[in-house]
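These notes are about the structure you will find just below.
A, B, C and D are the chain letters, set down in written order, and residue numbers restart from 1 in every chain.
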């Protein structure tokens, strides 16, 4: 089924390639580096930046585990510990997981749907710069000793001005508001790209699962993120301008914060995990040498999780003493949401059982994912049940649970994705041996770190404590977890070494090293700036395994899919992917960077209460936007105005 | 397409499919928001009735009406799923294949939504509204 | 037409009916603005939800602390100014579709005047209410000012966009083939109008229920 | 709950020995600590039973999934194997949805039943404890008794006790793992839970909701004792503080009343009536200082008075400029308050 170059068609002539290169190539200048709008370069930057933030958050975790290795340790002060655990959570959720997966989405979605770029390339560049600046904005607070210290959940009234003076929580609220602009822009871009830029013939029943997952995730962002933004805006107003939303003495209500936070927060768990599940559905079948079993059920599962995740938030509030019946409704949804996940697990298992398995490093990480994610799923069901939840919530059992879900459910797939798509992204193969060492260290380290936390939680250890007394039965489990954290850290370091090694010394990668089925494997490694010399025509769910798609990019390819007149790509219809028309794509520009700098100025100004600076930043942003979107002058004939 | 429909009928058919896909989960959304907010807000304010109307009755309505909506959507999705089942050669008529997939997704979504509404109803039978 | 003699329902539930693409043929700009407005709409919905959550948890009396029920006359006048301001936008858009650039400019100018009047009236309203309570008085004050100011800033952004469009139209960029930006700004403006109706209900009418 | 200790122990033995090493470790480590698996109260026991049910279901399903996974990894790797291209949708539906829904409905039902059981005790509680959360300690009062203690809740054994929870500042959570699942303390609201200790003993509790700098040091102890002992203790709590009966204690009392301590602390029957910090009328009998920060002995007490910020950074008590010569007397006095 992996097709050779001849089967795939010889493609268009060199003249076409030259014209496409002339249109799409970006100048290799410094200015070009800042002005790029190429989704592949932007995707790579997302990946690298998110990986760096992962490193920071990981070191925070190592510091915390060192402090908790034994009872009554004094390596970190309580103030430092609380900032570190708050930043660890906030960064892992907001600055690592979602941007990392958006990075893969950025690189892969246009390739997988057979387009030449995202729907809004300049918005894409803008999203990256905002993410970078927001991440630096938040991390800069750590050396300044002003990092968020209210936990990633920042419950009021602890986080109000009276109980936490200083910039800590202003960094948190403003940083997340700033970052939210990037995430929302990215989400809109993914949805529109997937709706309008799919290759002709790619009706919804032929869309790769990864793209379904990215789109579902983006819709969740659209509906969940504004609620977090509102919550943070209200907290900022309370802290800075003495409004009374959370002030119980003046009619405010502290549970409002929790409701709004978790209306965002629970969907966010799936915002993180969903693209990762999409990665698994992309990687696993390829190493089983067959298409994924029960594609319609997988799609159902993606859609169902995206929707139901909005109706389970109160299970984070089962101990707040609300009426039990109101828990019942959310307990019901939290229970049912496991069904779609179960369908996916068994679809993957069936794919493995029916296929012929080839064990390579990406597949190892997928297996690691299944083992850990299943365990996280069990404890997830337990937390859906109110009585059990009330006993174990806010204990280390929760910490164990969500690390199994998030490390197992997101980091393992991300690692699989790194090894799987590295040849495509960089054009280099990684070292299989280094990869295997890394896998085993990570798998063992991960379980050694987080499994004991189930036990210490059941033994009554509450979470978010900077130290604990000895002799309560918690000591050995904490020591084990700390040892595991170091093993895990070593494994992750080895991944970094492996990536650098591949980039420096790796063998050149073929176009399709794995025999993949989706369209990114139908182009060169790394892809040319225009992605595809001929936009393919899709006839089935597995276009690369389908000779008709190869034929469509062969010598007989029609001009309406080659499009060499300027930067062009295709619009197709939303549901059925029917050919609509060719459209112009924008050139590279510095405006996204300038607009992002404007926003950075706004948020720095707000943070330090320099409101004139903020206003100036706002003016810069608005002015740049006005120029960015300024319509080109048209002659009356071009615009269609009757003379 | 071999047969032609009036634009009105075609649009209506397209929208009907979306009802088949999303009708159930929309009903469940209404159920979850209504039942939870009625219960929490009334009880936290220290009442056990809603403007003279017994709380249990209000919650029962917030279970039964959405359940009816989910059942309706389930019916439409079953119909749509069967109507679009025509055996299609791979790469054949992509619209019908796509509609079949969406109807299938809707079928399951409606079932899951109905299950959640019913489980919520079970909770309402077991627990009295303001019990903590 | 096949459905002659049969109901629209029968026709619509044929395979071809159910397989009709809907939505279809929209541009990326249309989708972009719709998704943006969806996420904005969710933000306002959450804000209104918070209003009712805080109100019902607070219990009677609402407004608390002896604050009087909101006056209705001025908000109704504001409604009468803002909601019809969608009409000149529609008219402007219809004009440019026909290639009448003067109609586009006149319509946008009309919107600008009406939207500006609305903001002015909001200032008048604030100057009265600020003497009674501010956003620090209690949660009711915070809600009132947060909701109305947040919407007011949307109106202001909308007006900036209309200004921008007006300048661009003087520059001669629009015509029957090139008016997508007009449509996008129009959608935003209609959205701002619709949100105001929700505010009228939430902030001004609901305390009287 | 009718189960006696023996039944409980045998059940845990069965669970433990069947589960192998991990469970032995769990059960083994349960002794001494505040383990949810060593329940001594109605609510915690109910949830413990539920946990073992969930645990065993998880084990069975995990074994099933792992068996399929290992099977595939072992037997589906032969290079000459022909790929099966069928679509076993029915298998996926049955295994991924059909079987889970049965299990899920069962545990959902049991969960609702347990939840309802946790709601109210079978007999109405006769004792009401008023617990107030502070950053970072617990103020404990009893309905109808004028007097307060801190970080220590005495209850009669064998009967339900109502606990009414308030907070004066941020959110806290009241959790005694061996007795009852947790209940959050919500600013602006009053929450209620109840405790029912089945056997006498001391049960460690701790704040479970992150509450700032010293969240780690906000522990308390629930002491369950026979009704008569409890009644005597409660009467003692309501009475004025013990008067000093040695010279050292009297000098200590003078030093205490002459210091800034009285601005924040109460010792009933004296001029000290501050309400910012814990009531010290019975401080000498408490299990710890600083809500679990250090043990309550002379050395730690002296260190705490001199500069509690080195012991529990961030707590509300400023360092006290006590004359080094007067410190032993002060310690003696405070330790005599029992």
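Everything below uses one rule, namely that a residue touches a chain if its C-beta (ideal position, glycine included) is under 8 Å from a C-beta of that chain, and two chains touch if they have at least 3 such contacts.
Values in this document were obtained by computation on a predicted structure and should not be read as measured data.
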Chain closest to the middle, measuring from C-alpha centroids that were averaged per chain: A
Result of counting contacting C-beta pairs for B-D and A-C, higher pair: A-C
Separation of chain C from chain D, taking each centre as the mean of its C-alpha atoms, in whole Å: 52
Rounded Å distance between chain A and chain C, as computed from the means of their C-alpha atoms: 32
Distance from the mean Cα position of chain D to that of chain B, given in whole angstrom: 43
Where chain A and chain B are represented by their mean Cα positions, the distance between them in whole Å: 30
Touching two or more other chains - residue numbers and ranges from chain D: 101, 108, 112, 115-116, 119, 189, 192
Of all residues in chain C, the ones touching two or more other chains: 21-22, 53, 57
Contacts with two or more other chains, residues of chain B listed in rising order: 44, 95, 98, 115, 119, 122-123, 126-127, 131-132
Chain contact topology (line, ring, star, complete or other): other
Residues of chain C defined as touching chain A within the complex: 21-28, 31-32, 35-36, 38-40, 42-43, 46-47, 50, 53-54, 57-58, 64-65, 99, 101, 135-143, 145-146, 160, 164, 168, 171-178, 181
Chain A contact footprint on chain B (complex, rising order): 25, 28-29, 31-32, 35-36, 39-40, 43-44, 59, 90-91, 94-95, 97-98, 100-102, 104-105, 108-109, 112, 115-116, 119-120, 122-124, 126-132
Residues of chain A defined as touching chain D within the complex: 77-79, 82, 150-151, 155-158, 163-164, 248-249, 252-255, 288-290, 293-294, 297, 319-321, 324, 327-328, 331-332, 335-336, 338-339, 342-347, 349-350, 352-359, 367, 370-371, 374-375, 378-379, 381-382, 384-388, 390-395, 455, 458-460, 462-469, 471-474, 476
Touching residues (chain side chain A, partner chain B) in the complex: 201, 203-206, 296-297, 299-300, 303-304, 307-308, 310-311, 314, 321-333, 335-336, 339-340, 539-540, 546, 548, 575-577
Residues of chain D that touch chain B when the two form their complex: 101, 105, 108-109, 112-113, 115-116, 119-120, 189, 192
